[in-house]
Amino acid sequence: MDAKVRIGDLAWPEYARRIKEEAQTILIPIGALEQHGPHMSMNPDVLLPTAISEEVARRIGAMVAPAIAYGYKSQQKSGGGNHLCGTTSLDGHTLSMTVKDVLKEFARHGARKICLVNGHFENSMFAVEGVDLAIRELRWEGIHDFQVVMLSYWDFVTEETIARIYPEGFPGWAVEHGGVLETSLMLLLHPHLVDMTCVPRHAAATFPPYDVFPPIPEWTPASGCLSSAAAASGEKGALLYEVCVEGIAQALGEAFEVRRKSAQ
Amino acid sequence: MDAKVRIGDLAWPEYARRIKEEAQTILIPIGALEQHGPHMSMNPDVLLPTAISEEVARRIGAMVAPAIAYGYKSQQKSGGGNHLCGTTSLDGHTLSMTVKDVLKEFARHGARKICLVNGHFENSMFAVEGVDLAIRELRWEGIHDFQVVMLSYWDFVTEETIARIYPEGFPGWAVEHGGVLETSLMLLLHPHLVDMTCVPRHAAATFPPYDVFPPIPEWTPASGCLSSAAAASGEKGALLYEVCVEGIAQALGEAFEVRRKSAQ
Amino acid sequence: MDAKVRIGDLAWPEYARRIKEEAQTILIPIGALEQHGPHMSMNPDVLLPTAISEEVARRIGAMVAPAIAYGYKSQQKSGGGNHLCGTTSLDGHTLSMTVKDVLKEFARHGARKICLVNGHFENSMFAVEGVDLAIRELRWEGIHDFQVVMLSYWDFVTEETIARIYPEGFPGWAVEHGGVLETSLMLLLHPHLVDMTCVPRHAAATFPPYDVFPPIPEWTPASGCLSSAAAASGEKGALLYEVCVEGIAQALGEAFEVRRKSAQ
Amino acid sequence: MDAKVRIGDLAWPEYARRIKEEAQTILIPIGALEQHGPHMSMNPDVLLPTAISEEVARRIGAMVAPAIAYGYKSQQKSGGGNHLCGTTSLDGHTLSMTVKDVLKEFARHGARKICLVNGHFENSMFAVEGVDLAIRELRWEGIHDFQVVMLSYWDFVTEETIARIYPEGFPGWAVEHGGVLETSLMLLLHPHLVDMTCVPRHAAATFPPYDVFPPIPEWTPASGCLSSAAAASGEKGALLYEVCVEGIAQALGEAFEVRRKSAQ
Amino acid sequence: MDAKVRIGDLAWPEYARRIKEEAQTILIPIGALEQHGPHMSMNPDVLLPTAISEEVARRIGAMVAPAIAYGYKSQQKSGGGNHLCGTTSLDGHTLSMTVKDVLKEFARHGARKICLVNGHFENSMFAVEGVDLAIRELRWEGIHDFQVVMLSYWDFVTEETIARIYPEGFPGWAVEHGGVLETSLMLLLHPHLVDMTCVPRHAAATFPPYDVFPPIPEWTPASGCLSSAAAASGEKGALLYEVCVEGIAQALGEAFEVRRKSAQ
Amino acid sequence: MDAKVRIGDLAWPEYARRIKEEAQTILIPIGALEQHGPHMSMNPDVLLPTAISEEVARRIGAMVAPAIAYGYKSQQKSGGGNHLCGTTSLDGHTLSMTVKDVLKEFARHGARKICLVNGHFENSMFAVEGVDLAIRELRWEGIHDFQVVMLSYWDFVTEETIARIYPEGFPGWAVEHGGVLETSLMLLLHPHLVDMTCVPRHAAATFPPYDVFPPIPEWTPASGCLSSAAAASGEKGALLYEVCVEGIAQALGEAFEVRRKSAQ
């Protein structure tokens, strides 16, 4: 058996075999090209779910599709805003259609278990819509057993891990853009894309309980980060990575099993 | 001056005068037709933001547009799921287009300050997309000073109020579907649409950190509620109503002022 | 049994029961936010079909869905034109998609008999398209017995009633915008939204047998009305209301019966 | 100067000259492929507006664009219904997009005066939407003087002509599908496409004041015609042709002049 | 039997008979309105595939649908570019939707064998997409035996014919826009639409191996032709016409037969 | 200065500097996930234009955007067909929208020179449409100097190189799917993704001058390749790589310079 997990790296007969004989799950990383502060590259939202997906795939015997590399528009309170230079986003409908089209193709090949592994907060609802539209159209094709798990990797960080990563208090995922979580994981997985000498050292951004459009530039820290990654480290990255990979690996077994029983 | 706040109730000359002479803000309630458990009607997501919008409008001298009465698909972990009977939803793109079209029309009339008052969690991102598309197209029309505030009313419930409403601990907005918040507000505002004898008395639903599509029916309590509204009361409703109305009223003055300064 | 007819006012178990046990028809009012002259509010196109639908529902044991409150663009020769202040319209495709989505959801619940009750002339063809697209997609879902009646309430005003309402001659529905029909019905149903002291008193508008785009503002009377409502009265409203309600109530029984036989 | 009026028959330098030097109006016939009864071909909705457009163009010095040959779905009460064999229609959005795209291209060439000459009742609103969208996008291009006249040729048949054509009473345009009007014009212009020996001789169809979807086949006469063309003749065709051509020719001068003044 | 081949010229009973009893193939010409140099009209892309389709239909007993008269945007290296005056094009999606809608309608009538006869190079991929979408949706309708042949008529010009038509060397189809092929066929079929005294006499255009957008006007010869039609003649047109007609006639028999066997 | 060329690998301040101070060109690889025979992975259409883009960028001082990793549907005569397992494609409109959205974002950042480097034949026209729509909308934003070069890398293989790569005769790019060109480049750049022991050794596929939909499976060789890559080698890959990289590098300088002059 071929040890590769990336679908793109497989020749089609091996891919077809894994779908047909092993009914392997396909993980699709979905990310963004988005500024993440002056200390880090603009691709963590795609690199992190890709790395996590590949490790999950190795552990459970699954495959990883090419990442959807452009995502939905950055929102000011979770990513600084889509007015920033470097952030490169799709209209919501474009993203939903992309997710829909890709899911339907995997279903045509015979795949029935898919997991969308999201790395960019703002993608969620448009990806969900793509999933819903794909399932609808597949029903029209006569396919009724197609199952999709949708998740964002940070939702698998346990309370216990949060306590260890943020000993001085967790600011909330909302302002974790370009912060300790993403920076630590990048330090672990792609250290050459992080320059800790450039880490901004400002307080976490605070926002009112509403959004304003067009965004008010002054609301976003000039760094583009919503909190400081000064406390990031590769060790924290390793902790986060393991909890996410292991959590997702377990979740997938569980989710598809639950569905199977529910459908009986 | 006419004391009415509903745009639909005004004759056009009065509406035009308020836009042109008073530069009034327009609030647009955006809701859903969605099951909310066996003890409550299916329209709280539209009735509550409408009532709140009207009271805010009375306090600050604004107008309220007809509500967008159908919303985005209910998600299992926040509304029970879109497989449930009674829940009646739009595709995401339809909702975004509706928001876009309506915003552009108000801009054509001369309105420059709009507030979308959301009453259905799942609407948020598709409404945001509609706002973004409207602002883009208005720019193409040569309109550069159009401002939109987007909010969900429950985000104005303060920590202090939460402590009073949920003395035994706050389960989180996520499972508040058909729960104490919405039921208390309905008891205050539309008591004939609530039947407390039918309130389900189960524990709050718990979900894993991922979503599954199609939804797994067993995950949603049979009542359709994600937590019990047994502790709801009109008094709590009054508390919630006041904190939301007052919070939004203050936010609007603040938001449009901040923008004005930012644009200078 | 619950005497309520508005779907939004029902808890889901009662709604589900009526669909499943009684196979009740669902009426969907479809209107607009549109200027209707200086003497009347901008919501008659939604209030009138809503009131008529509710009374029809009470008579025949049906339910009324939340109205579609924004409609297609006002045309100069039937509504004054979409350049007017206050008139707030959707693109045609947005309206068709809204109708399609809502119809499909009711079909998902099990409803098979729907009536669209139109109150805004310009909606008709885009609503028809929404109906056609819904039926097409429902066919793809394997649903072949879904039936929709589409009507505009004024088409149920009989020749005899017209003779009584317009003793000095009927100007035609085309110029009835903000005229005797709508004003009389509003005087009956929502008198506080009419101010007869502001009724314009000009001759009915006349138009050439073609349309021009963009509209020529001078073609529309400055009042926004296409004819004068000076002869409107609540008594006429009562006459019109009864003939419409009774006509539609009879039509629905007849239409769904004819279809049933045709399908046999 | 070249006597041709069809744009397609011109080489581009002559077309460009007429646009730039003569500011000629462009007429665009818009029709359908639709059954018109057993006695007539399926193309009168495109042939008739094309012939009328070409004669108008000869009289006023204008050009005629290639016809839009497929139209919106036939409705039961005006064309027999779209379930009939032979009738070949577009979705509404497709038709609107086609009209929009074509109008924008003529505007790019420099044309500022366009007339859509409709030959298929059901096209009207979707063509109107295409016109509205084109004008909107042209505004975004900085083009503010683009003018479109939209008409259906039969609206130029005067009361006097109706009296002569239908001496035994006018059944209304609604049931004129495949009837005396269209058949007489075809007998004049394309006699080889009519076979009067096959004319159906049934009474005019009657319909209730509502529509049912899917259509009820029994409502449409088996011939596909909504009234009998037995009284059609080439002489009547000549009368109709002249009144339409002359009426449209006058209308165009008038319409574009009115707009010019309105814009001053 | 009726000798007509144009669907539009048939009354519906004859059309229905040919579909149902003879299972006739339908050919759909798909063209463009596009400048073709100073010596030729702007409609060869629609007239040529129409003429060829009609002759093919006469030989094999098929029918010809009304042409799709507007096509996709002219590209600089194959048609001079879409910035040129006279060229009148659709957005890609509009063209795909048109093809989809029309194909689905013919399928609804019972047709199962369609041939798209393309006359405008740039149409190909958008027509292909329309075909793919139609087949997909027809599958959802339960129709699995619908077959479409897609071709461009010039691909049937054999090497031998090329040698005879271009004795001094074949410049390639790429620069044949307004050149010998199209002009010769027009001289044969529509000589009054060609004026050989205006034929440009410049060398064939040459282009780099990439495209630039917006187009660089200087790249396109001022004539709008990409090569000279000076060597065109009606005799060459006759040669080309016969090889295309005969090639397509044979191809259709072959293609539908191959499919039939493949499906067994 | 930072030596990185991948936009995703840059922090936003460096990206912004390159755009604003150096006006760097952005290259966007556009590929596909598509079966390429039993001897090769399914990602050459994205890996090859990515590698070529990065080397071009290093030579001319440009940046490379994340690849668009899913492309348009494989066509039988150029890629084997979209019915094959592993081939994973987008609808045409989805691809056009993706290209449009991404281009507009780079323009928002200030980029004015973009090159789409295509690696999948079938993408071309839908990418072209995306480019056209982006330029149109940017014009509406007031941006008139945005320039896009669109190319497919194999079009830069010179006649001379072809003669060296295919000493026994060039079969044409049409059947080069999974053949010598792609395999040689993969052997050079990603040798671990090629297994020459599995290379199919059949004759090049031959096709009639038309397409059939749905595809006829028998037309595509069972390997999925349209010709044999048996003669592929890393040396040939090096030759091809250099001629493409150098050709594109020169073309970009030339193209943007020509445009600059044309615009003066």
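Think of it as A, B, C, D, E and F in the order they're written, each chain with its own count starting at 1.
Just so we're on the same page, contacts are C-beta pairs under 8 Å (C-beta built on N, C-alpha and C of every residue); 3 or more make two chains touch, one makes a residue touch a chain.
Please read all numbers here as calculations on a predicted model, not as lab measurements.
Participant: Using the contact definition stated above, find the chains touching both chain A and chain F.
Facilitator: B, E
Participant: With a step meaning a move to a chain it touches, how many steps does the shortest path from chain B to chain F take?
Facilitator: Tracing touching chains, the least step count from chain B to chain F comes to 1.
Participant: How big is the gap, in whole Å, between where the Cα atoms of chain C centre and where those of chain E centre?
Facilitator: 46
Participant: Centre to centre, by mean C-alpha position, how many angstrom separate chain B and chain E?
Facilitator: Between these chains, centre-to-centre, one finds 54 Å.
Participant: When the C-alpha atoms of chain A and chain B are each averaged to a single point, how far apart are the two points in Å?
Facilitator: Result: the chain centres lie 28 Å from each other.
Participant: For chain D, which residues are shared contacts with two or more other chains?
Facilitator: 91, 93, 140
Participant: Quick one: label the inter-chain contact graph as line, ring, star, complete or other.
Facilitator: Its topology fits none of the listed shapes; call it other.
Participant: Which pairs of chains touch each other in this structure?
Facilitator: Once each pair is checked, the touching ones are A-B, A-C, A-E, A-F, B-C, B-D, B-F, C-D, C-E, D-E, D-F, E-F.
Participant: Could you list, by residue number, the parts of chain A that touch chain F in their complex?
Facilitator: Listed in rising order, the residues are 6-13, 15-16, 19, 33, 35-43, 46-47, 65-70, 84-91, 93-94, 97-98, 101-102, 105-106, 109-110, 193, 195, 198, 224.
Participant: Mind pulling up the chain C residues that touch chain E in the complex?
Facilitator: The touching residues are 139-140.
Participant: Which of the residues in chain A come into contact with chain E in the complex?
Facilitator: Residues 140-141 of chain A touch chain E in their complex.
Participant: Which stretch or stretches of chain B touch chain A in the complex?
Facilitator: These residues of chain B touch chain A: 72-73, 75, 82, 91-93, 96, 122, 124-126, 128-129, 131-133, 135, 147-151, 155-156, 208-214, 216-218, 247, 251, 254-255, 258-259, 262.
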